[in-house]
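Below: one structure in structure tokens.
In order of appearance the chains are A, B and C, and numbering begins at 1 in each one.
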Amino acid sequence: MGEKDEKLILDIQDLKVIYKTDIETVEAVNGISLKIEKGKTLGLVGETGAGKTTTALSILRLLPQATGRILSGKICFDGEDLLTKTEDEMRAVRGNLISMVFQDPMSSLNPVYTVGQQIGEAIKLHNHDLSHEEVEGRIDEMLQLVGIMPSRKAEYPHQFSGGMKQRVVIAMALCCEPELLIADEPTTALDVTIQAQVLAMIRELRERLGTSMLMITHDLGIVAQICDEVCVMYAGKIVESGTVEDLFRGEKHHPYTVGLFDSIPNISSRATRLKPIPGLMPDPTNLPVGCEFAPRCEHCMEICKKEKPQVYSEGTHKFYCHLFDSENLKTGGSENESK
Amino acid sequence: MFKKNKVNAETLDGYVSQGKWKEIWRRYKKSKGAMIGLIMMAAMAAVLILAPLFVSYESATTQDFSLMLATPSAEHIFGNDGYGRDIFARIIYGGRTSVAIALIATVTSCIVGSMLGAVAGYFGGRTDSLIMRSLDIFMSVPDILFTMAVVYALGANFVNLIVALTLAYFTNYVRLVRSEVLTLSEQDYVEASRAGGANGLRIILSHIIPNAVGVIIVNTTLNIAKIILYEATLSFLGLGMPAPQPEWGQMLSEAREYMRNTPHLMFFPAAAIIITACSVNLVGDGLRDALDPHLKS
Amino acid sequence: MHKYVIKRILFLIPTIIGVTLIIYFVMNLTPGDPGRAILGTGVPQEAIDAYNHNLGYDLPFFQKFLNYLYNMFINHDFGISYVTKQSVFAEIWPRYMVTLKLAFIGVVISALLGIPLGIYSAVKQYSLMDTIPSLVSFFLAAVPTFVLGLVLLYFFSLKLNWLPSYGLESWKGYIMPALAISIPTAAQNFRFTKSSMLEAIRQDYVRTARAKGAPESAVIWKHVLKNALLPVITQIGMSLGMLLCGAVVAEQLFSVQGIGSLIVERITFKDEPIIIAGTILISICFTVVMLIVDIIYAFIDPRIRAKYTKARG
């Protein structure tokens, strides 16, 4: 905690988040830690319900007020813990230093304001001294940046297609040149061809503006294209993390990651069948005592049902799995970091 | 392999649908208001159904001028009205009629409205616009006026009151079911079953109705309360069941004359109406929250 | 856009004809005829038949209906009252104005009471300012207008003697009937506004606005309110229907000389021309208001506005 790492833009430590209603408590994020270096992109991969969006909303402190609660942990942005900030201080962060692109462009724009008004609002909120003309100029500039004709700024969201709306959302997120962009499955709701366009645009803008990025996705293809580092998330935990190299070229993997890879069709080994992961994610209101993945894991051992695994690492590549405990003994390679 | 999967899917389905009602009940139980409403409703139903065991119908209609406007006593726990009739008995027998009319009218309007709505939503096109345009016209007549006109024209009795209330209320269901059908027919599983060659009726019966049932139940419950209030209003205006048959609204209308000195004549029927409608609304709200927890938080 | 407006206005005509048809048809189901009702019982059957023939009462239903429509649209003639033997229109028009005045006062009061409370209680959900109005409005949903009216009458007129129990001679006379009809409607407006607000607050674009760094007040006033109040406009229009129904009861209760009390009073005398005309006139008022609401809505909601400016010129 003490030393401040100048290189890190985001440093999440042991974050725990629950959703509490009067009926049940959902353990959405269970002690995750992740780091993003300045200018780099981290991919957060996992199935729906793994806690990816919750992590993102926690960073902006935008969890649903009535239910969402951050139990413990730290979210250090540029060395400052966001969780200790006041609401006013957070407001100066949101949209200005950290912005977010949401999954569904259809619903993330307000239907009763023009896109120009909505981008303008984001600009004016963090640049009070700009004149009306300057704001308008900036709106035009942003629209051009994302490939929309500035003349369309007087149109309403429903007049745009899904891909165009997502461009508007991205323009809105980037208009204050944030240091960190959180993209929550930005292309999931779009057609494949549009996905590629939007993705290419995100990549280009990131290079041009030097923004760091947290890319949330369930698509390993996107990870390969865009990310520098990856965390694989399962049932509110990070099960494996490392560089993109580690994930795509590494020899060893967490069984869940193996399952993820086996679920994608692979052109080079067309003969082999797809191997979906059997079963469903555990009920987040009632998580297993041992490893969360144990009920679906084909390598499940006795210890997996009783104890949570610890971190095992090989250089930058980290695993949370008991399998590597026994392998450890054989290879004697990596050391055992205890929490 | 394929066969095994299929069996799994079916057992899973059964489990889910059985679990769904359990889950709804579990959520329903959590709400205090909903449980109070349910208990009140059950108590009311018990009293109304078992009433003939405590009081005879005659005591609701027998006039006894020695007991005119008597205040509550041990023998007549709610007192007596302007004709010396026992108010408790009148409340009970009035309630039996009013609640019966409301329940039957709710069910008939639900059936008529849902069928029209399903037809409009499923077939679309000209059928739909014909039904919906006629409905617009129907809905342009404020409902109490329409019921008044129908009751006046047909004459006030049990069946005609039901007919009148049904005509005023079925419109709600047409809109509701139509929009449900429109949303549901766009769902993938309906598309899939259509692609699989299922015909219109089968799709409506096996996919659309079961899925729309939650919304219909909630609306039906809330409608019962509205119809009870409307029925009371009609009888207050003199368009209810013919005398000497007691009714809550008509009791209140009679109580007006004696309002200055004997307000208890007014109090009991008013309380009966409010308590009934409140308990039905509590149950309806509870059901709505239990069926769609999303709406609550 | 104006094409849409014209189209909607033109649709008013079939609607009014349809409404008239329904009411005229229903009222035709009653036994009895105008000759008997107007001339009385002591008159020979031939005279009654002749009278009915003169009126065109022995014509087939549709012909009678068309005559009625013609007289209604062209001559403002709704026939002759069976009771007063006077022109229905002359008798009903002044009372119609009284009812409209009452109902529109009701629209204003119920909107001013219900909508701000609904907004406030959605924003402060689960606070005291939410639970108390919510409980009150829940309770009011179970109280029929006439019970509320009786309670007002009992306390303000009989016990406290503050307000007159009947008539509209002074402004004080309006207070109780207006309150009796607008309080239940205000409760409904409250519930509607609140749920519309809560629905809007839940939308993704509200989260987007927060993610931009907009302060909570701007999120509510700019993003939530404008979306939430669009359906409320329709609700206000719909509430007029409820208020007109309430007016029928309240006029009866407070002896207000409006169209509702006239209809109720004449039902006892089987004065059909008055009942038909009254019901039609009230329905026309409701239809026209709903039309205005539709047009206002189309002008305010960019989605609908764009649909018609683009697709239909």
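By our rule, a contact is a pair of C-beta atoms (placed from the backbone, for glycine too) under 8 Å apart; a residue touches a chain by one contact, two chains touch by 3 or more.
Small disclaimer: the values here were computed from a predicted structure and weren't measured.
K.L.:
Chain contact topology under the given definition, line, ring, star, complete or other?
P.N.:
Graph shape here is complete: every pair of chains touches.
K.L.:
Is the C-beta contact count larger for B-C or for A-B?
P.N.:
When the contacts at B-C and A-B are counted, B-C has more.
K.L.:
At what distance in angstrom does the C-alpha mean of chain C lie from that of chain A?
P.N.:
Distance between chain centres, rounded to whole Å: 53 Å.
K.L.:
Please tell me the distance, in whole Å, between the geometric centres of chain B and chain C computed from their C-alpha atoms.
P.N.:
Centres of chain B and chain C (C-alpha means) sit 23 Å apart.
K.L.:
What is the distance in Å between the mean C-alpha positions of chain A and chain B?
P.N.:
Here the centre of chain B sits 49 Å away from the centre of chain A.
K.L.:
For chain C, write out the residues touching at least two other chains, lowest number first.
P.N.:
Expected reply: no residues.
K.L.:
Two or more other chains in contact with one residue: find those residues in chain A.
P.N.:
66, in rising order.
K.L.:
Given the complex with chain A, which residues does chain C contribute to the contact?
P.N.:
Interface residues on the chain C side: 125-126, 203-205, 207-216, 222-223, 226-227, 230, 301-303, 306.
K.L.:
Where on chain A does chain C make contact in their complex?
P.N.:
60, 62, 66, 87, 91-96, 99-100, 102, 104, 107-114, 121-122, 125-126, 156, 158-159, 169, 172-173
K.L.:
Taking the complex as given, what residues does chain B use to touch chain C?
P.N.:
Residue positions touching the partner: 133-134, 136-138, 140-146, 148-150, 152-154, 225, 229, 232-233, 236-239, 249, 252, 256, 259-260, 263, 266, 270, 273-278, 281, 285, 295.
K.L.:
Going by the contact rule set out above, which residues of chain A touch chain B in the complex?
P.N.:
Result: residues 21-23, 64, 66-67 of chain A touch chain B.
K.L.:
Please output the residues of chain C touching chain B within their complex, sorted ascending.
P.N.:
Answer in residue numbers: 14-15, 18-19, 22-23, 26-30, 138-139, 141-147, 150-151, 153-154, 158, 195, 241-242, 244-245, 248-249, 252, 263-264, 267-268, 275, 278-279, 282-283, 286-287, 290.
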